[in-house]
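Following are the structures in question.
Each of the next two complexes has chain A plus one more chain, namely chain B in the first and chain C in the second.
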Partner chain A sequence: MTTLMKRMGLAALVAGAAAMASPASAADTIKIGSSLAITGPASFLGDPEAKTLELYVKKINEAGGVNGKQLELVVYDDGANANKARTFATRLVEDDGIVAMIGGSSTGATMAMIPVFEDAGIPFISLAGAVVIVDPVKPFVFKTPHTDKMACEKIFEDMKAKGIAKVGMISGTGGFGKSMHGQCLGVAGNYGIEIVADETYGPKDSDMTPQLTNIKSAPGLQAVVNPGFGQGPAIVTRNFKQLGFDVPLYQSHGVASKSFIELAGDAAEGVRLPASALLVAEKLPDSDPQKAVVTGYKAAYEEATGQPVSTFGGHAYDGLMMLVEAMQRAGSEDPQAIRDELEKTSGFMGTAGVVNMSPSDHLGLDLTAFRMLEIRDGDWVLAD
Partner chain B sequence: MRALLAHRLAAPVAIALIVVALAFVLPSNFYLRVAALVWISALAVIGLNLLMGFAGQVSLGHAGFFGLGAYAVAVLPAQFSLHPLLALLAGALVCGLIAFVVGRPILRLKGHYLAVATLGFGILIAMAIANESWLTGGPDGMPVSRLTLFGWRVRGASTWYWITGALLVLGAWLAVNLVASPTGRALRALHDSEVAARVAGVDVAHYKLIVFVISAVYASVAGSALALVNGFVTPDSANFIHSIELVTMVVLGGMGSVFGSLVGAAILVVLPQVLTTFHDYEHLLLGLMMMVIMIVLRSGIVPSLAALIRRTRP
Partner chain C sequence: MPDFLQFCVSGLTVGAVYALVALGFTIIYNASDVVNFAQGEFVMIGGMTTVFITAAGVPLHFAIPAAILAAMVIGLLLHRLAIEPARGASAVTLIIITIGASIFLRGGAQIVFDKQFHSLPAFSGDTPVMIGGAAVLPQSFWVLGGAAVIVALLWFFFNRTLLGKAVLATAANRLAARLVGINTSFVVGFSFVLSAAIGAIAGILVAPITLTSYDIGALLALKGFAAAMLGGMGNPLGAIVGGLAVGLLEALGAGYISSTYKDAIAFIVILAVLFVLPGGFFGRASTERV
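Moving on, here comes the complex of A and B:
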């Protein structure tokens, strides 16, 4: 009986193992891997990212591929679970035999996957936000989205220009709000900003009036910043209006989607935020060097999916295009050669801005990549 | 054959043979990693199975202990430069103590009340981990320093395969010995009928508490092992869904079966990897399979099949 049980267990595991084995890859394709949060709580990140990658891999292949070879995209859904992401990363490296990796929608998943790609020596372009991914710099790890630190700096830069020095903060306690809150406190001093009130709210809170009342009573208050995403910032915005503040409200790039304006309604009027140029693609002046890229991506994405464009999909576009250019410059699909060329990326115009990588900077974006936007008549406009 | 099955060391020996045999079959590090994840989950599931299958108590908060164990090996070495192995032991000790303190009032509750109380406890731990970001890195998680043993840096999928496999065998061996002991008999009596057990002179609250503490330590050690294997922890490991996953593994493999714990863990860890080829239908198929298994093999895979074989082969 024991032997029988043993065999059954073994048979089940081996059958599982056999079913997992993927067919051997043809030599004339270039395999690119991706593990994204296509389902689950972070699917608003992973879903547009996956659609963008699939869309553009198809376009690139129709146009003849890269270096005369077709691209092959292998995408797994990690549901933003770090442990799953780690397993898929191992699978992509060991089993699928990829030459480069795009993705990791969330910071947790990205951080869990980094050791796999560092050990294997395969370039990894993350689509997650936090600055810890590229600071300190890891040889094979790159990322495309702006960091939360840059969002803070952009906001404080705008404030400094307006002579604002005393600021109240109300931050979400989710991963995004928490991380950005810490970064803002860290850089506030560089812009002569003093945080005169510091409040938080939970991800499921439905009323932030008490916290905002505390902030309102802070002496000398000149502006309020709200790091966070999801429905929290919309509620903050509505409560902010109800309480009749006479100072400006700054939101973060975390609310850069149409649903924020819908949720906040009239109260969103006059809210300022740093965001990608993608949101105001059509409103950019024709002289803007980024205009062609963002309008092109926006049109292609919206036509293919029938859904409004989001900045998150844009990050995937930037990652894929940077990778393709690096492979073209390298003239090969050797992971080490791709990595070396990725690091030399300069003047690349993506949806997030101009990218200039260097051995000490694997993000390559500067503050000009963020645009300061204002909400007017229920739509985004360039603030300055 | 039946004598073999009845032998109390049947399950740990079978598990040990599987661990050794698979090492020669699995082709790449990816398979070794999936196997190591199975061993780790199975370890936590054996502990939970002691509580559910033998003592008849449901815990919906076991991922809380799993997460505490995981964060013990992440936080203690980082903050107090403690050796990861000592941190693992400290985590197990703390989990045992917490289970003891929390268990005393909770285990007076029965049925749904106990389930709800453990559920609350698990969520509390998950929230604490996600919110105390100065200590735990918050929702984005934190890195775990590499384990070094006698100057040798433990790394690589095959090394971890053997370490986690050995942990599982050890856990299974301890579990079957516990079940065969007088404590185990008291636990089974308790499972069948608390009233009858009490009449027979079993100190019900005492034994419930013992097994709750033991199962918490199993979960903690498994959590520590996962954190060391991954080199990174996130609050996912402590969240409610993970608690449910552990309970599902117990029920699927078979309550009260140590070998069933391995089977349950193997199915829930390996199947999602197999089913990724079906993309959008992945969750549909997983749910369907679980339903079919529970309808056809009502008392879990291993006990049901064992009963079936006993019937057909007199």
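Moving on, here comes the complex of A and C:
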């Protein structure tokens, strides 16, 4: 981060001199495109992402831009609609002439846009969750958020350390819960975890006591995992307490927001979940290498928008900063050169964790990106 | 056995809410032949208004009557502004108007309230009561007790008061009711207000258990409608039995068969019952009112 600051400072001097010599013209700007779900059902993703991009592009430009040029951000609102996203992707490539792309809030929108950027040879950093975006690896496609598979692995790792082997699962049938449920079943064996009960609930279900009753009577149950998102996990958590389970409850990163604690109330006490360090920015020890990045982003975002920080905006921050560093290393705005440098990203400290890209890994995060949190006294604390 | 009891408690609690929604359907249907698909929205308005009034610092025991009153005013407006002006139209047209009204109310709620889920504090704590190995939330007793009180009051109202008998007379034969001097327009409007109040009470009682948000109404209207059909459209007793049956079917289906097909199981059983008994449990098969 400090090297980035130095570079940006240097760039600022150069750019300042250049700006005094001649007013910036269109040729002096670097166009970055974005298509996000700013409105619609996934607006909780797209809204903080768009605000983050706008905030930091402004900051970078005030500090002199990149390689002596100002950044120009072109943002479209696809409302998480894959058809619209595809249209905007084509427009960004053909009409706007962008050199790099950040965005795609949802997996659906991202998958629809991938062919456009692969064909045009323009680097595309997705902000969506699913592992299919970078597996198999596509030359021009990168992503910043952790995957649901990593969340499962983090949970099972924590269980293994506690000697838990028999686990009950209660999963939402929405896209998020379904995908994570599949990933968890896939990796459970690697940690010696046996799934002794496997129940589901619909996205609008308002009572999960029947499912939890079945899980409770599963022989040898040692813990329960609830992959899901929205109000479902809050009801599961309340029902879990109602039925008086004496085993720990693990939630997913899908509930990593304050509203979950509010909805679940006292029942949330003791719930464990994997989540981004951003949620506990102030509580990280000073020795934590990620602390400066997450507290810096949190302060900047909350000051500029007046809203609490979310991990989703953090993904946009990571994407933009990685892109800026790649452009600085490349010393040019050639899409191919940016792509090559993005792939060489190593030791980049973002809000999601340390990123080490390689030709075979366009995500670059490992399990240290997730922190195991526990809810105590209505707030998140680091579990270990 | 404790499992079975747990499923039953869960089913009866949710079923009591379905029953109250079905009762709302029944009252309006009897008075006007209209199936009011905005019935679920009354449940939402009851819960959401209480949440937002209490959030403003008003104690719960003032917020609840205020929320019920708000729902009653909206019920009256729905009748005066949407149903009454189209009174010459066929029942199907009026039903479509209520679907439009429900979409409008849901859209309005997004703006007046917000799009988040909310919860109310339970009326008498969150500590479950153990009954035969089943953990029952105190709030479940409120829901079941509240539903029982409403049913008793309605029975008294329809059988022992002049206004209640006027509603029954309008339901039986509107022209004859008008000939004996009953203001049928007032009676229909009154049935909307009454249904709105019942819906709102259901929404308030259940909010601490199931949470509430601007869009819970659509699913509740669907389940309540299914319950009313199962019990026999137009029969108050049928609405109660149908509601509890749908709730129990869902819980037992999720518990014993598969939670993945929870909703499907309930609807399959309803279809099967309607094949055998087209009028529902308590419906009048011969005197079909169209």
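Just a few scattered comments:
What we mean here is this: the second predicted complex is superposed on the first by the 359 of 384 C-alpha atoms of A that agree within 3 Å, B and C clash if a C-alpha of one lies under 4 Å from a C-alpha of the other, contacts with A are read in each partner's own complex, and residues count from 1 in each chain.
What we mean here is this: contacts are C-beta pairs under 8 Å (C-beta built on N, C-alpha and C of every residue); 3 or more make two chains touch, one makes a residue touch a chain.
Note that the structure is a prediction, hence the values are computed from the model and not measured.
Look at A:T209: by the touch rule set out above, it reaches chain C but stays clear of chain B. Shared-chain residue A:T173: touches chain B and chain C both.
In the superposition on chain A, A:A267 makes contact with chain C only, not with chain B. For chain A, the partner with contacts to more residues, out of chain B and chain C, is B. When the shared chain is aligned, chain B comes close enough to touch A:N83, but chain C does not.
In the superposed pair of complexes, A:G220 makes contact with neither chain B nor chain C. By the document's definition of touching, neither partner reaches A:P285: not chain B, not chain C. When the shared chain is aligned, chain B comes close enough to touch A:E94, but chain C does not. When the two complexes are superposed on chain A, the residues of chain A that touch both chain B and chain C are 173.
Chain A makes touch with chain C in their complex at residues 173, 199-202, 204-207, 209-211, 213-214, 217, 230-231, 234-235, 238, 241-244, 259, 262-263, 265-267. Note for the complex: chain A touches chain B at residues 1-6, 8-10, 12-14, 16-17, 19-21, 39, 76-77, 81-84, 86-87, 90-91, 93-95, 106-108, 111-112, 115, 130, 132, 173-175, 178-179, 182. Those residues of chain B that touch chain A in the shared complex are 1-2, 4-5, 7, 10, 13-14, 17-18, 21-22, 25-31, 33-35, 37-38, 131, 133, 138-141, 143, 157, 226, 230-234, 236-237, 259, 262-263, 266-267, 270-274, 276-277, 282-283, 302, 305-306, 309. The touching residues of chain C, counted against chain A in their complex, run 3, 6-7, 9-11, 13-14, 116-119, 126, 128, 135, 137, 206, 209-211, 213, 216, 219, 251-252, 254-255, 259-260, 262-263.
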